[in-house]
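Below you'll find a set of structures to go through.
In the two complexes that follow, chain A is the common piece, with chain B as its partner first and chain C second.
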Partner chain A sequence: MPEVILVVLPAWQFAALLLAPLAILVAAAAGLRRLVRRRGAQHEDKDWSVPPLADAAGTTLFHRWDIRCKLLTLIAYSFLVASLSRVAPALAAVAVSILALVLARSSWARVLMRLLAITGFLAMFLVVMPLTAPAHPGDTVLVIDGVDWIGFNLRGLTKALAIVAKATAIALLMEPLLTTAPLPVTLHGLTKLGAPDMAGQMVLLSHRYLHVFRHEAERMAAGMRVRGFRKRTDLETLRAVANFLGMLFVRSFERTERVFDAMRARGYRGRFPAPAELRMRKTDLALAFAWLAIGAALVVYDRLSG
Partner chain B sequence: MHISDGVLPISVTVGGYAASAAIAAWSAHRTRSEELPKVAVVTAAFFVASLIQVPFGPTSVHLLIPGLAGALLGASAFLAIGLGLLLQSMLFQFGGLTALGANALMMGVPALLCGVFFQRFKGRTRRRQAIIGGLAGALGTALAALVLALLLATGGEDFFGVAKIALAAHVPVVVIEGLVSAFTIGFLAKVKPALLEPAFVQSEKAAPCLR
Partner chain C sequence: MTHDPIPPVLRPAPEQTIFSVRGLAYRYADDMPALAGIDLDVAQGDRIALVGHNGSGKTTLVKQLCGLLAPSAGEVFYRGRRLHGTHLDQARLEIGLLFQDPDDQLFGHTLIDDAAFGPRNQGLALAPAEEVARLALEQVGLVEMAYKAPHNLSFGQKKRAALAGLLAMRPEVLILDEPTTNLDPRQAEIFLNLLREFAGTLICISHDLIFLYELCARAVVLDRGRIHHDYTMRELVSQRASLREHGLDFSFRLTADAPPHLGPAAAEPIPRPAPEPSGNAAANAPLVSLQSFNYRYPDGTRALAGVDLDIGCGERLAIVGENGAGKTTLLTCLLGLHQGQGTFHFGGELVTARHRKSLWRRVGMVFQDCADQLFCPSVEEEVAFGLKRLGCSVAETRERVAAALARVRLSGFEARVPLHLSGGERKRLALACVLGMSPELLILDEPTAGLDPAGEELLLEILADLEATLLLVSHDMFFVGELTRRTLVMHQGRIAFDLPTREFMQDEALGSLNGLAFVYRRNCGNAIRELQHEHEHSHPHQHLHTHPHRHAETLHAHPHEHTHEHPHRFAHRHPDGSEAHDHPPRRYHEHGHPGHDGDPHDHEHE
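Take a look at the complex of A and B:
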């Protein structure tokens, strides 16, 4: 077995090695956020009480793909991608996802928002893993001259990079998977695949009311700001936030009662009518097989390259 | 903190799905089917609540509220949290679709435990309810952080460093969460005490669910 390879670096190079990716990440996150905010500002007056997961007017491959096939295929594919362990196959998976994004003509603003949401968690891996992965025989570890309590393990870095690539690949697939059919149809497809009917209904209702309550919360927050409330790190802020939360619960519970009574009055007996008729064609199945073959190929590549 | 895709070993993600599906089925069984819309709307309220940022020194933390969810929903809390996480990952990519089972375990099991804890010890006075609520809130977050660290540690020794950091990052959240939960429960005890009764969603008779 080869020994651990130590590469001694001067302190400034070591610091640069640590700080450069961090700086790039922070800059990227800030840039993404600004981009998303600017995009968001353009249609500020959009009514958020209307569920957004529903622009299904497209005619791309993904829009026409039978929902059951699409869900099964892409979810199974996601698990295949999640089981990869090397950087190169994971990067190939990212490329496949980008191809899917282009094919589905997804909204880049929403894609960026999804990436932004996972940046923080993944940055933790990128920063922490190289520093804490224990050195095994054959590893290359960068160390500072004369300092032996910290080392930058390149194996840890590649592992972290593989995780980041896998997470990105799957996150990018979510737009083609979820926004190429209206949410009720997607949930209907899930039900047809064996998910309990009530789970689909509950997601639908939660999704609807999520936006109503967000609206409500924004109104309440605006009221608090007008009365001079500013968030600080103190007990008073926590008390105000807690009362805000409590009020949000009370209002939403009361609203729930009314909504529920209204639903029952209209004959709700535990199910909604089916939103769409599903038809499976040969092309749907062919696409599913092709896609899964790509996933299987990635896994084989992953195992062989080790 | 939500676990994103591709982090956990594949066996843990699949196992997480199996375990949380079983617990969710139990949780659904304990919830009357006519009451499901209520749980759904409460899920939405918790979802919005978890978007609230609380300043902490130079940065800010967002509330997790597994403790509060458990205290208010009882056995239905797991279902509500699982659905909330599904929506979060569908809408905002907080946590990935493949890691959903693990995330539901991480937040839902502490919520169930906190619900039992709160209902058992809440007593009658408002002060006591607030204190127990605060403890439940802190306990819920602490347990969630612990489960997160354990799940991360299943990845092997390379992940131990990340697991420790994630655990340490939750210490301030535990304190903030405990205080906010105490104040919220105190507020609810004053304004709408009916919400703090054992699992208000499953009123009088627990009829079997239609599903």
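Take a look at the complex of A and C:
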């Protein structure tokens, strides 16, 4: 049975091995943020008089796909991707997701933003797993010269890379899943698939009012700051934050009551009008089968490559 | 001698009545009475101004008319049938209620989704509902934003979008709660024009009596949950005594709009103390100095572009401009909440990133929505919050809290909960919180938003006495004229004009150019001033009153009416400037009658 292979590195090389990927990630994140902001600023003069999905980019396969089929297929496919355990199939899944993005003509700025949101979480895997994976026979472990209590397990790194690739593949797929139909239509599709109607309505209203509550919280925080409030680790801060949260809750609660009144005043009787008429065609089903076949092929590849 | 405060109302014929309210009463969950003994008839096509103090029950009453609240006693009829069950469901589709805060009403994912919500509930299919919604958005000038999310709109746009949601339903009745609050004058004028074109029944709650005068023909005055007056709009605005009684006397505003030929009423700016002569350069430096100051939002949008501004110590200046001109962003930079690019000196010192965080010690601001800066459980704690951060001792804090509350006429309110105060009281409390900290620069962002005229007058009185350097951001030209001597006009993130307030007020073209058109206000003001003109003269008039009086040998007291002629002060008009008197169509006069008890009384007795 093969032994654990220990590769002894000088301390600076070991540190570089740990810090270089982190530095690259941080730099990439900063670059992405800047790029996204610049893109965001350039899109200010968008034509809002037509549906955002009505232009040329809104006629792709994904946009035309029946929302119920699309939801079921891509969610099932995501589970198949999550079941992969090796790097190569996971990277293939990333390639499939990128293909989906190209087919859906997704906004790269938004895609990058989505990746940015999970970068920190994924970086944690890349750092922690190689350092904590137990050394099995046949593993290659990098250690610092003279320090034997810490080692960088390359098998842990491979596992982390597989997780990162799977997470990236699924995160990328969320873009064609969620942005190729308006949110109300997507939620309507979920309701048609059996999700509680009330849950869909709550998500829709939350999406609208989270912005309002965020603005309220920002204004209140500014109101506190201009009277000298600074967060510290003392009782006064705790009291002030409790008052702030209490007041935010009261205001939010009062607003929900007013919103409900406004809805009733315009004829709401417990159900939102359907935002679209859904029709399933043969091509929708064919696309669903094709996509699931790709998922199944990835699983087979994963099992065979082991 | 007492006078009946509610003269008999001319009720519409039953077939014309759209709302009929009988003996309506309502109590809140904590058993506090909100409405009592309300009797009201609204005819089809009526245009009613619903006015009264903050907290007089106006919003509660309109919620009853929409069936959003169930009466504790009495009944509300719509088109002759009680608002209940399926009739209530149907009525809601015919009655449009515009809420004060448009965010409450814009719950759709996009504007067109929102505007189509009502028509869909009326039974229209998706495509026709969207067509109707598109037409409504076109009506309010927002069709080019049909697919924009509501949270990406400015306040004025949101307000118009909320109205589009109602207009799309083609309502029979439109009920509006403070439609012009926080709108710049141009947006208010757009609103006014839209509402003028509305052919149905209109009920409008507002403290903006000039707006109401232009829009409504009938006025219903609520006082502590009861209808106190129900008469024509002309009658309402012509009686200063009655307006004052209900906190509605906005006449103090009319003096500022007075054309020069009407006399010395034109606004005389409040004098500011001249800076003390000093040889010290720092002492002579402006309190605030911005040079080539820029600010971009995180998404890259430019909010301030090359702002150059000096504010002297003790100076009182106003910043005006359309919604989105960059006024509030400039304020947040002055407060140190945002870090712009360019040079910023405060009190002669360069404001660096580190200094920026301590600007709160020298700059105070009263926010547009004062609820944003009130979060403590009691008034006393609220005012003490900033003082504690300044490091004041307990005794000093107590002393300064008391002084600040006294200054804003809130002494005795120490233990009250800020959340439970009226709008005007909260505004004054927010001011006390800032004044307690003795800022060198006091910034007021739309101080009159949501205040009733009595609250405005009191606020004006308080602000006129302040000694701090004052920076006022307001669409309210009267306040600008009364409180400041210098006006900056902002447009697209730049200071477009910097001129004396008097000069700015006289330049109508400049005002219109920057979304500050107030011509109709001036015209209304002149018309109302004419209505309020009064001097003593004789004319025959009617009284309904109760007092002891004698019929031959019988001495008794009961309400009775009769017509007689004697001199008294009365609001009236002089058509074409002649000596002749043209009296508004009033049925009753309320004024004293010395010695009237002994006059002969010829009236019928049952």
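Basically, the second predicted complex is superposed on the first by the 257 of 306 C-alpha atoms of A that agree within 3 Å, B and C clash if a C-alpha of one lies under 4 Å from a C-alpha of the other, contacts with A are read in each partner's own complex, and residues count from 1 in each chain.
As a convention for this text, a contact is a pair of C-beta atoms (placed from the backbone, for glycine too) under 8 Å apart; a residue touches a chain by one contact, two chains touch by 3 or more.
The shown structure was predicted, so the numbers you read here are calculated from the model rather than taken from an experiment.
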- Query: Now for A:114: first (chain B), second (chain C), both, or neither, which partner does it touch?
  - Reply: first
- Query: Counting only touches as set out at the top, which of chain B and chain C does A:198 meet: first, second, both, neither?
  - Reply: first
- Message: Once chain A of both complexes is superposed, is A:156 in touch with chain B (first), chain C (second), both, or neither?
- Response: first
- Task: Once the structures are superposed on A, label A:255 by its partner contacts, choosing first (chain B), second (chain C), both or neither.
- Result: both
- Item | Touched partner set for A:289, first chain B, second chain C, both or neither | neither
- Partner chain in contact with A:244 - chain B first, chain C second, else both or neither: both
- Of the partners chain B and chain C, which touch A:78 in the superposed model: first, second, both, neither? first
- Dominant toucher of chain A (residue count), chain B or chain C: B
- Query: Is A:212 touching the first partner chain B, the second partner chain C, both, or neither of them?
  - Reply: both
- Task: Quick one: classify A:263 as touching chain B (first), chain C (second), both or neither.
- Result: both
- Task: Would you tell me the residues on chain A in contact with chain B in one complex that are also in contact with chain C in the other?
- Result: 204-205, 207-209, 212, 216, 243-244, 246-247, 250, 255, 259, 263-264, 268
- Where on chain C does chain A make contact in their complex? 63, 66, 68, 89, 92-93, 95-97, 99, 101, 103-110, 113, 116-118, 120-122, 126, 129, 143-151, 165-166, 169, 298-301, 332, 335, 337, 357, 360-361, 363-365, 367, 369, 371-377, 385-386, 388-390, 419, 433-434, 437
- List of chain A residues in touch with chain C within their complex: 37-38, 40-42, 44, 47-52, 182-184, 204-205, 207-209, 211-212, 215-216, 219-220, 222-230, 236, 240, 243-244, 246-247, 250-251, 255, 258-259, 261-269, 272-277
- Message: So in the complex, the part of chain B that touches chain A is made up of which residues?
- Response: 1-8, 10, 13-14, 24-25, 28, 33-34, 36-45, 47-49, 51-57, 60, 63, 65, 68, 72, 79, 83-84, 86-87, 89-94, 96-98, 157-162, 164-166, 176, 179-184, 186-188, 191-192, 195, 209-211
- Show which residues of chain A lie in contact with chain B when the two form their complex. 53, 75, 78-79, 81-84, 90, 113-115, 117-118, 121-122, 124-125, 128-129, 131-134, 155-156, 159, 162-163, 165-167, 169-171, 174, 178, 196-199, 201-210, 212-214, 216-217, 231-233, 235, 237-239, 241-250, 252-253, 255-257, 259-260, 263-264, 268, 270
